[in-house]
Structure formats: structure tokens, C-alpha cells
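These notes are about the structure you will find just below.
Order of writing sets the chain letters: A, B and C. Residues in each chain are counted from 1.
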Amino acid sequence: MSTAIVIGLNGLSYAFILFLLAAGFSLTFGVMGVINLAHGALFVLGAYVGLEVVARIDNFWVAIAVAALALAVVGFGLYFFFLRHLYNKIPEQAVLTIGIAYMVANVILWIWGPVAQLGHAPGFLTGAFKVGTLSFPIYRLFIIGVGLLILALLWWLQDRTRVGAIIRAGMDNKDMTVSLGINYGLVSTLVFLLGMALAGVAGMLATPILGSYPSMGDNLLLLSLIVVVVGGTGYIQGTMLGALIIGLLDTFGKAYVPEAALFFSYIAFLAVLLIRPSGLIGRKVF
Amino acid sequence: MALLEVRNLSVHFGGLAAVHDLSFVIEQGERLAIIGPNGAGKTTTFNLLTGQLKPSSGEVVFKGEQITHASVFARTHLGMARSFQITSLFPHQTVYVNALIGLQGTQRSRYRMFRPLFKDKALEMAAQELLESTELWDLRGEIASSLAYGQQRKLEMALSLASKPDLLLLDEPSCGLTTTESADITARIAALGSMITVLMIAHDMDLVFGVAERVILMHYGEIAAEGTCDEIRSNQMVRDIYMGSRKTLGHAR
Amino acid sequence: MGDRPDDVAKSDAPRGRARGGIAPTGKGARSFVETGLPVLAIGVVVLLLPLFLPTFVSSLVTKMMIFALFGMSLNLIWGYTGIPSFGHAAFFGLGGYGAGVLVLRVDITNFWLGLLFALLLTAAVAAILGFPAFRVFGVGASDNPIYFLLTTIAFGELLARAAIALRPITGGSTGLAGIPHPDLGFGITVTAGRYYYLVFVIFVVCLFIIYRIVNSHYGYALRGIHDNERRMQALGYNTWLYKYTSWIIAAVFGGVAGVMFAYFGGIMVPNNLSMITSDIAFLVVILGSTTTFFGPIVGSVAFVGVEYLASLYLPERWPLILGSLFVVTIMFIPQGLGVMILKLWRRLLYGAA
């Protein structure tokens, strides 16, 4: 029983890492209909930038801020120079961002080398939380907390703010939204930047758990795709649901049926695409 | 036996009945028009007849065969054809290829994987005939998307006739045309001959009264009035519902 | 390539935007000079190449032919039917693994049996995956194929994971190594030098078959579906059946490329089934152009050429170069090199048009 609780907690914290990983992707893919297959590679870039800051000035929080800023800048370039011109051209967006992913991964390798790096949590977040015989790393609890905070923030942004309203209107009818005199271009650029900044934050936050190595982007990208599609496109709560399902499925699967666990998330992914392409609690964006 | 018989056809979107308990028949060689204000269920009815949409209840019988749940392409093979309101061609192909593709849709050869399309003499003859009859033969080398709008409508018509249908379903055939072009289309439909039965949905009263022998007025998904052109013109309810609105059209007044 | 100059005339654009030189009837009756001559010339050059140039060149050309066929098989569904599959490597890998497993695990060394088995396997898997695939790719989906792209990515990843999991058969994550030189039967074993000619023959045969298919009645129906699927249905075409069958045909040719690749390198790894390899097919097609028949050949020549140069001078930066190849193609030559070459060639022949 107690093992099941620990596995459950592990699964939960993994789910929140997945949520942080996929949140930025979900914003750009689910809300704006831009498919950014460089998301995984950029997430890793965020982690490396953060680690570099930690190595130089040894401040975890500044590192997170710098990672977010760096990715926002890169995201601006990506959106302004490239993706903006490929509106509604899905295969083209996909090919372009695959190219960007290759380039980013290679640049990371160039600058930081092939050796995997592990981030360290700030002192007061290290150690474990003990209840009776159970022990659970504090940093993982911290990740769950940050995940909840970001979920709340995005939820608020989506449902309660003007930006959210504009984005929802744009999803329903972009031309109409534009013709109402709303600067949809500006809003969508900002949302893209927010998505990228989130990837930077999440990338840095995840380093103490996932570590960082240049080629990990592909796997992270596939995970984000799975989480967003399973949960549902268009709503941030869908991403959370997808992250919970995949996180728990994967953790419990690996603990109890390790051979089959390799396939679980892909089977869930395919099943959702076939039965409800817009995801469990999503809306069709395309 | 009626060519097409629609019995108690209904379709619901959510709780809303878009078409409710619709019944009518078309006899061989007849020209029938369905009119009605926007949202009356004309387009929904049209989609039910072409197979684009499946009804919640009721049935559609064509040439004595149940086709209520038949696929779009199966209906074409039985002798139905349709036009599209928004011009629906093969924009990247030449006019000639448009005709060839259109013609082979109901022929067995359409599955041939190893014989060049351009070596099919019978098909080429048929394409020439089709394009000559629609005055597009001289434009056969043009890419369809580069044609003028009126010519595109002609090609649209040619594609609709390519399967040699017994029943032709026309969706707003004069939509977006100039008065002259519209008159031309009217003449063309009128000239189709009695072998082709025509059912059209339309807004343009000139076209309706110029072509149709019988008119059905739809309102709120049901048949509100039915009769000959003269009967419809003089029907008070028709005036109230349709022509009483701001859309006063043609000789209706 | 030189055997049927008229039939391998390669300028029939699937979405025929290039109009110069097309006879007013659209009959595609082109002069021998325009298409036959270049095909013949290239055929002769490729045929005689190994006699005059060092081995590494014929090895490069072999690779070009393999990836050209891989790209053309994808272009059959992408350029012609309008289905941009992102998991085409699934079939490439299946073909290669199929042939390799038969040789190494079942000990059936005959090349033709291996090829046959690999193709049956690819066709069978494609036939099964086609049902879910075309549930996702509904009528008119070429306009917004995103869910289909994701579904096909999942196919490839699932198969790659299966290849990792089925270690006793597939060799697990290290792959299936040690695939021997192909044995053609009658005591003929094809050594490295002669493998070039085997690939050449198979490539030309496949090219000819694909050319016939895309210019057949069926092929034009595929173009029609790309342009306007609803109209095709209204004209009497069972469009699902066309999409489904063209998907299987494309898979089989992708499988042929995979078989040739397996014998070429002697090894298949799980990545040959997944996105990394699908990316190559995608790049080859888009770099060459989706609107010309021969586009993927150009794309493959460019891709393999750049890869070779990179391996000589900047092996470390290859992914960076590969990535920029994607970006440059999409942003600056969206119509592809194939169209550019076609235009250039026609201008050369007929003067400024």
C-alpha cells in the first residue's frame, strides 16, 4: 500500500512536470493553431541557459527569469520572422519547426557539449519530506506547487481576461476578430511569447529532476504532443488532465508492467485521436 | 412511379429541427424549385437529398430504391447529380482535365491504375462533346482557377452534367452572376430537355419563375406552400413570408 | 531510365501550375527533346558512372536513388492525393526490418523472397493502419491535416517502440545488424560494387510503375481528390477507397526503399521507423517539390549531396545544416527545386516564355 502511495506521488509530480512541459506548447498549438515542433528543443535550450546562469552567479531564481527571457526572445524571432508567414499552413509549419529543432539541438551541443548536466535545487528545497515510513523529495512537492500556480494563472488568463476573450474569439473566427479592429496579430504574438517563456521556466525547473542533454528534445516534444492531444486542445485545464492521465499511466505502468509501459502513452494518444480528436475536454481548433 | 419521393424527412441538430416532417415527390421530367427565406431549411434539405447529411428519420426513395442512407457517390451512380453554390472545380487542373475527371466518375475505367488517362479515346470524345456543348472547348487548355467567374459557372454546370444524370439538383445556380449571365443560365436549364429532371433551391425569382413548373416554399423547416408558379405568385402566405420581407425580387411584385 | 523515354516524361505537375509548353488539349504530348533527352542522358550517365568514378561516388548515388524512391513514395500520397503523412518511415523501416529479419532470423537468404516478404508485410500493416488513419483524415482534410499528422507520427513511434521491445526478433534498441549482401538466387551474390546496379534496376522499375500510376485514370482521380474531394464524391468517386489504396501503394514503395536501404547499410535501427527518418522523406519531397513527378529525385540528390559535403567538412554541424535546409526550403524555395529546374530547362529550350 505504501509503495502505491509513493508511486502515486511520483506519478503526480511527473504529471506536473508534464504539465509544465506541455503548457507552453498547449498555448501555441491548442489556442493559436500553430504547431511548433521545436518546442522540445527550445525547452532544453531554456534548461541550458538557466544552468549557465546558475554556474555563473549561483542564483536559482535569477536563472529561471533569464531562461524565460531568453526563450521569449528566441520565440519572438521564430514567430516574427517565420511562423507569422505560415498562418494556416500546417505541413509547412511542421517542416519549418522540425528544422529549427535540429538547429537548436545542435547549437546546444556546440556550446555546452554532449555531457548530460543535472541542475541542483536551491538549498531549502533539497531533502525529503517524511511521514512515518514514507519519504518524498521536497523538490517534487515544490514542482507540484509551481504547477498548480501556473495552472491557476493560465486559467485566469484564459477565462477572466480580455486577452483570453480575444484569443477565444480568434479561434472561432479570426477574420471577424480582425475586422472588429482588434489587434489579433499583437495578441497572438504575445501569447506565443508567453508560451515560450513558460517553456523556459519549465525547462529550468525540470533540470534537477530530468537533467539536461542536447538530444532530449525529441522525446519531450512527443510527450508534449501526447499530453496536449489526450487532454484536449484549446483549454489549459485539458492540458492538466492530459498530463495527469499520462503521468499516472506511465508511472504506474512502469512500476507494475514495465514491458508494456513503453506503449501506454502512444496507445492513449492514438485512441484519443481516433475517438475524439479534439481531446477529452477540448474543442476542435482546426 | 415518381422519380424521387421524400417521405416524412426530419433532421435535428441538437434539439433544433432544421427540417421537420418533409414530404414531396418529383415526377420524371419535372422542374421543381424550393424557395424560402434564409434559415428555412433549404440547404439542409439539399444536403439530405445529396447524401451529405443523414436524416434523423424519414426516407428518400429514388427510382423506387431506398437511398436514405446511401453514400454521396452511390447516389451519383444511381443517376443523381448536383451543382455547388460556391463554384467547386478542380482549380489546379485544366478545363480539359476537369471534364475528363468529371466524365469518368461513373465509368468503370476510373479504377484503372496502369492505363494513361490521355489514351482513352472514348473518354476524350465525350469530353469534347461535353465542353463543346458548354462552349468551353476553346478554353480547354486553361487552368480552371484562371477562368473568369461566368466561365467557371459554366464549367461547374458541365461537371454537374458529366455523369448524365436523370435528376439534377441545383444549389443556387445563379448565385453571384450578372443579370446577363443569370439569364443565360436560366436559358440553359430550361433547355436541358425532359430527360433531365431538375430540382433547385434558389433565391433568384427570375430564375425560379423562368424555369420551374412547380414551387415549394419552405419556412421554419416545413413546407409552407406548394403550387405552380402562378399559384405561388398569388399566394398571400408566400407574400407575407417571403416577398413581404425586404428581399422583394423579380416580377413577384 | 532510358528504356521508355516517352513514358518517363516527368513534367506532369500533379497540380499542374506550370503551364508553359503544355499542349492546349492538355494531352501532355511533349517533344522528345524536352523530356526524353534529359531522361536518357541522366540514365546513361548513372549507368556508366561506376566505370569511371571512384566507389564512394556510386555509393552516394545508390543512397540518392534509395532516398529518391522513399521521397517519391511519400509524394504519391502527399503531392498527388494530398495526404501529408508524417510517419512514412514506418513503412520504410518495416520494409528494411522485414527483409533483414527474414535473412538473419529465419535464414531465408534469397533476396527476392526477402523483398516479397517485406512488401507483403508493409502492405498488410498499411492496410490495417489505413482504417484509423482515414477515420482521422476525413473528407477534405488536406486543408487542415494536423490531427492526421499527429496520428501518423504516433504510428511511427509505436512501431519504433515495438522494434525496441521485440529484442529477440529485431535486436532491440541496438538494431538488426549484419544483414549480408543480397543473394539473387542462381548462385549470384551481389557484392558492394554490383549492388549499385541492383538498386538502379529496382529504382527504374519502381519509377516506371509510379509514373504509370500517377498518369493513369486512377492517378488523375487522386489529383482530383487533392483539389476537391467533395466534388469527386458528387461525381461518383468513392474517395475513401482511393485514399486508402494510394496509402497502401505508397507504403509498399516506401517498403522497397527500406529493403534497399537495409542491404545498403547492412543494419536497421529503431530510428529508421520513427520521426527522424520520416523527416528525411518530408525534406526530400518538399526540397524537390510536391508539384512535379521528378521533384523527389532532385530533393534526394540535393539532400544526399549536402549530407556528404557536411560529413567531409563539418560533420559536427550536420544537424545544424540539416535544420537550415528545412528552414531555407520552406521560407525561400517553397515551390521546390524541381519546379525551378523545370522552368530553367524550358527557358533554355524555348527561350524566355
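Just so it is clear, a residue touches a chain if its C-beta (ideal position, glycine included) is under 8 Å from a C-beta of that chain, and two chains touch if they have at least 3 such contacts.
Not measured: the values here are computed from a predicted model.
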Problem - Most widely separated chain from chain B, with each centre as the mean of CA atoms - result: A
Exercise for the section: Taking the mean of all protein CA atoms as the centre, name the chain whose own CA mean is closest to it. Expected result: C
Completion exercise
Chain centres from averaged Cα atoms put chain B and chain C apart, in whole Å, by 41
Problem - Separation of chain A from chain C, taking each centre as the mean of its C-alpha atoms, in whole Å - result: 34
Exercise for the section: Just give me the whole-number Å value for how far the CA centre of chain A lies from that of chain B. Expected result: 50
Fill in the blank from the handout: Going by residue number, chain B touches two or more other chains at none
Problem - Complex interface listing, chain B residues touching chain C - result: 50, 52, 71-73, 76-77, 81-82, 84, 88-97, 100-102, 104-106, 109-118, 120, 140-141, 143, 159, 162-163
Practice task
Please name which positions on chain C make contact with chain B in the complex.
Solution key: 15-17, 19, 22-28, 212-213, 215-221, 223-224, 226-228, 230-239
Handout entry: Of all residues in chain A, those that touch chain C in their complex
Key = 33, 35, 82, 85-86, 88, 90-92, 94-96, 98-107, 109-110, 218, 222, 225, 229, 259, 262-263, 266-267, 269-270, 273-274, 277, 286
Handout entry: Parts of chain C lying in touch with chain A, wherever the complex brings them together
Key = 84, 86, 132, 135-136, 144-147, 149-151, 153-155, 157-158, 161-162, 164-165, 275-276, 279, 282-283, 286, 316-320, 322-327, 329-331, 334
